[in-house]
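Residue numbering begins at 1 within each chain, and the chains themselves are lettered A, B, C and D in the order written.
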């Protein structure tokens, strides 16, 4: 009797499982549907958290979108509109895209670049002191900032790759060490030579060298135009192409998956390891300059941007796929950007936003499991059908 | 405490927002003191509301952005901290909004340094430092006292010079031989690149190094330390607590007595104050009664805006010490004693009233 | 009670795209040696994995000693006294032999009556004794990473015996052993039977079956074809049943026509990672149209020699010439381009990227040039086309064609994929290291044919094999390696099996 | 000079115990970047528990030192369940899981600290105030020149850590569980084939790592600031990982690495004090441990080898 009940219960669970799994059961769409599903789950979880503290989750999410410039707010300050909010969203998102791409590239080569923050800081700092205070013309300064950013980041990334290849130094350790070293050294120089006593961080860079055009007046709006954003999109698409369609990408992936086989196939493992880190570092450098000379215009001493760590998770959420990374960065940026407004309107503490981000990342880390479960379920179904025939 | 006080948004009262640095309005310290001023205002003006908003990076640009994000929805924005100096641009764009900026002057916009809709208050830190220095010099048993700061920004140097002035004042007036201990390795270099001595941790957020500095001073025989070093100061507190015995600290900015609990004892002798809450409340009142006037003001003892804690149960000063400090307080108020600050042209060894 | 100790009835097991076992029924008597035979991918390993508790069958029933069981895990199988010796050893390299054997069934003692600890010392003794009893002598305190393959296999067998297995499954135990080691293993297997154990043996080598097995089941594409009595069946019949056509064991081969010298190895010395000389002062040359085979017992430097020629290992002294050009310090890529194909010994960690699909793996060596890529841009079409062609041509079987993830392919078919790729490079020099390891006889025959075909096209072929039969079968010239040194180079026709065997053991010098 | 040793030890030992946790996890095959999160969450729970107990029982927080340590271990363990679930049950990428957990730990503990302070204690504060830990000196031994400093001004937790470290060594190398654990990190298939549940072993290892990290976090909270706040997330978790990799995943060499960090840190400060450079130079001395590590790694990394199966998602079907 109870046994029968059990099987009925089991069947019911299976049915529920199948219904729940249906949206992500189509293999072809899984690379999109699974992250979406994870996000959905995390928002449900976040909604529960918000309900628990006695607020209305729907309103909160709506406020989040309003704050991020996706939905209109009921009132705007002078010179502001949904459009300017949206632009600042893009502005904030730009470094995150670059940083996540940096992580993704290294990841493809089987390396964990935990040092994105350090690379960002290093390149941001160099660009700041070389160009930021130089008074160069915008036409020269902006490209120069990009070049210095890429070069500095690539140099530092390359160093990590080289240490790994030459001395077998685990890149997780070397990047952690370099993070600290950069943080302290840069802080030292800022405190000694570049400090602005009022803001207590490095002096502001010139408008000309800044990668975001700030307070551009158009109509009755003042907007911040993130030049780096367009670059980020182009770079992501380019990277996607490089990874999927070129010899370089193929080599990096092979080295990342099986070093021995790569060597056997005639690939230069050392070169590819260093190259992947150079690429990753270069991207981190871009993240650095768009952050310190774009979104911001100065550097806080002794602070490593948390973007370096967030990007690890963001890149996973985007499946280490450059295009996916654009979307995942967008999502995380919406939450980060919208949260001030959400807090103001819904009276929910900002920390909740971090908790939501954490939840999203948590659920998306389980994407592989979802995929596995679904395919198992489908196998079972297929077998059952065959059995019946 | 919820970060929403007052009640319904439907009412017509003053809509206030307070935007703070990452530590939030419940940091039990600087931000909270400002917040308390608002709450106290709301208690008397029950149709007013306040929302507390925390900016998470602590970066000035982000801080300004956070204000810009929400400015449309409020009448008054209270912004405690130097990070918010940049709100002057928003103030220009939104002349119908009022801003109360604490502990910083607004960033200049072109030539303009003062703004009609920004009331920016800074405090004469050297005065608070002065009272702290007197307290230390009067209470020390080892005749060695010290001040620990974060970085040699003007506000910190003001505290340091004020403290040293206070000690020197006591030495001169009450014929004591109290030494202000300075560790050469932690000498500060001020914004004009001048060596100002003192004990600077080098950062406001490193408790560990703060503790190292605290321990080094205690090793030198110092028994009273004035701590004006932000987060790094917690480390000094810990060092004092671990040292036990007679080592005491003097808090800074707000009453830090609660942070001094050490088992059944308390290590906080007293605290040097910036009186922010009442000043915030005052200027909110001025908005309501229409007397609000923008501008940059330095608040001093003459408005009871600087001082020290002598409230029963919140300090461990002797009656005698209190009366001596209060005497000096009067002189400071009257401008007869002017403790040295970073840029007022006086030095701790030579200032009016010494 | 039934006569059978193991009965697997109507077993069906499906994997995506393939039915690995299709309604298979086998019954095994206590105390017999039961052989399983079948082409690569026929489902032998799968069937035995089911018995060993690794997989659960989709359909069918299993009876052990007449009792119906559901074997849910290897642990459960061990409780039923079933033990499996996998072909890919499951050993902890960092551990000693003892530690590996007792893992999971550790003997515990207490220190000061309080702190339990694993009693290694006692276990060492027990294992020493056990290994003596079965003629599997080992030094229990040695680490696995210091052992050669045949020793590692002994550890696997001891592991099973230590757990008191009555039913022992061997999955291709001889594929990695030298002829001498094989003989030894077979005696051990017979000894085990004498000790009352029941043995199931998967192998592709018919003479081994003939030698020790009592009965033999033949699988084909997941289906049971027949179970026969080994005594009354000839190897030819078995082979025919398995492949479905007649198989010739001797390769037809015209006399060789030697052309220009292609490879010249001159006083080559190679050191391993620990700085130990593993190839010592080796010199030889291969002409076009020649199959030069290196005979030798495993671990005598032949793999390092091949690696050195292919550029995977650094040379410490001496030179290598290809078509007269010194390539000693060239990169792997340069060598491949100057004309070297290489089938490495370790197919899974060198020859293939297991996580990539078949088409990508088949293009692994040519991806950077036309038509696979142009100006640094890959051409997926070319990969697919090339892959499909080779799958067809070399009869590579897999669940989903060129899109199959290589990891899911049977070992034999993985090997075929590598062979196809390397032969298609059409390099003047082809290095084949153990090309037929783990392949079924049909496939072996095919590969031998192909090697001879390439030879006849004028290619120089360097064959490294542990199997004397294979060498005697296809080689034109034989070099015997022992302890890193070439003991003897001579024409195939001037050597007998025995002579080569003696050189291989280092018993005879030039 | 004494302070170099005293401060060095009080920093090195908590780091060491966290690194041992990392060794457990990584030796079992699970990459553990989540130490940072574990130690923070552990310290959070430890601090919260004693603050609550003190509040409701009227005891002085000062006397709850050992309870705080205990609860921090429990807290670290509870939080580590997340990493275990994610990387073992849900087959998530372990590095990512670690990073996500760190992000979550920071967000959750800061949020909860202020929330609980206001809801439960009606106080507005972003920290939990702890009592300070006592320190003691072993009289006779303390008088030995130089070495004496080791026995001077000891935090009780230093002794506890050493005892636990010995215990950890014993379990890892002498017991059946330890043997299976190390095997799981080398070749999980062999462990599986031996009838041992790899997932369970690894789950246990990650939990142990949570326990030890929690303890480490609490010790830092006591030794540095005598309170719990988000400033506990100083990157020491990552430093512990660097130490264990530097120590080649072995307990004793890892101790050496931690001591190196500790002494280089306090030594750097000491040199700074000796040279009497102004405070702005402190930053330069702070890099000493990290530069030293990088430099030494150049010589020691060649022979470094991670557990063979580290970071691989164990899937029975795969070989």
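The rule we apply is simple: contacts are C-beta pairs under 8 Å (C-beta built on N, C-alpha and C of every residue); 3 or more make two chains touch, one makes a residue touch a chain.
This is a predicted model, so every value here is computed, not measured.
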item: Fewest touching-chain hops separating chain C from chain D; value: 1
item: Comparison of A-B and A-C (more C-beta pairs in contact); value: A-B
item: Furthest chain, CA centroid comparison against chain D; value: C
item: Chain A and chain C, separation of their C-alpha mean positions in angstrom; value: 45
item: Between chain B and chain A, distance of the C-alpha-averaged centres to the nearest whole Å; value: 38
item: Between chain B and chain C, centroid-to-centroid distance (C-alpha), Å; value: 77
item: Computed distance of Cα centres, chain D from chain B, in Å; value: 36
item: Numbers and ranges of chain A residues touching at least 2 other chains; value: 187, 191, 302, 349, 354
item: Chain D residues counted as touching two or more neighbouring chains; value: 114, 280, 283
item: Where chain C touches two or more other chains, by residue; value: none
item: Pairwise chain contacts under the document criterion; value: A-B, A-C, A-D, B-D, C-D
item: Chain A contact footprint on chain D (complex, rising order); value: 33, 82, 86, 89-93, 95-97, 99-100, 102-104, 106-108, 110-111, 114-115, 235, 238-239, 241-242, 245-246, 280-281, 283-284, 286-287, 290-291, 293-294, 297-298, 301-302, 304, 306, 313
item: In the complex with chain D, residue positions of chain C that touch it; value: 54, 73-76, 78, 84, 86, 88, 90-95, 99-100, 103-106, 108, 115-118, 159, 407
item: Residues of chain A that touch chain D when the two form their complex; value: 53, 112, 114, 163, 167-170, 172-174, 176-181, 184-185, 187-188, 191-192, 302, 309-310, 312-313, 316, 349, 351-352, 354-355, 357-359, 361-362, 365-369, 372
item: Chain D - residues contacting chain C, complex; value: 170, 174-176, 179-180, 182-183, 186-187, 189-196, 308, 316, 318-319
item: Of all residues in chain B, those that touch chain D in their complex; value: 1-2, 23-28, 32, 151-152, 183-189, 195, 199-203, 205, 207-209, 211-212, 215-216, 219, 231, 234-235, 237-238, 241-242, 258-259, 261-264
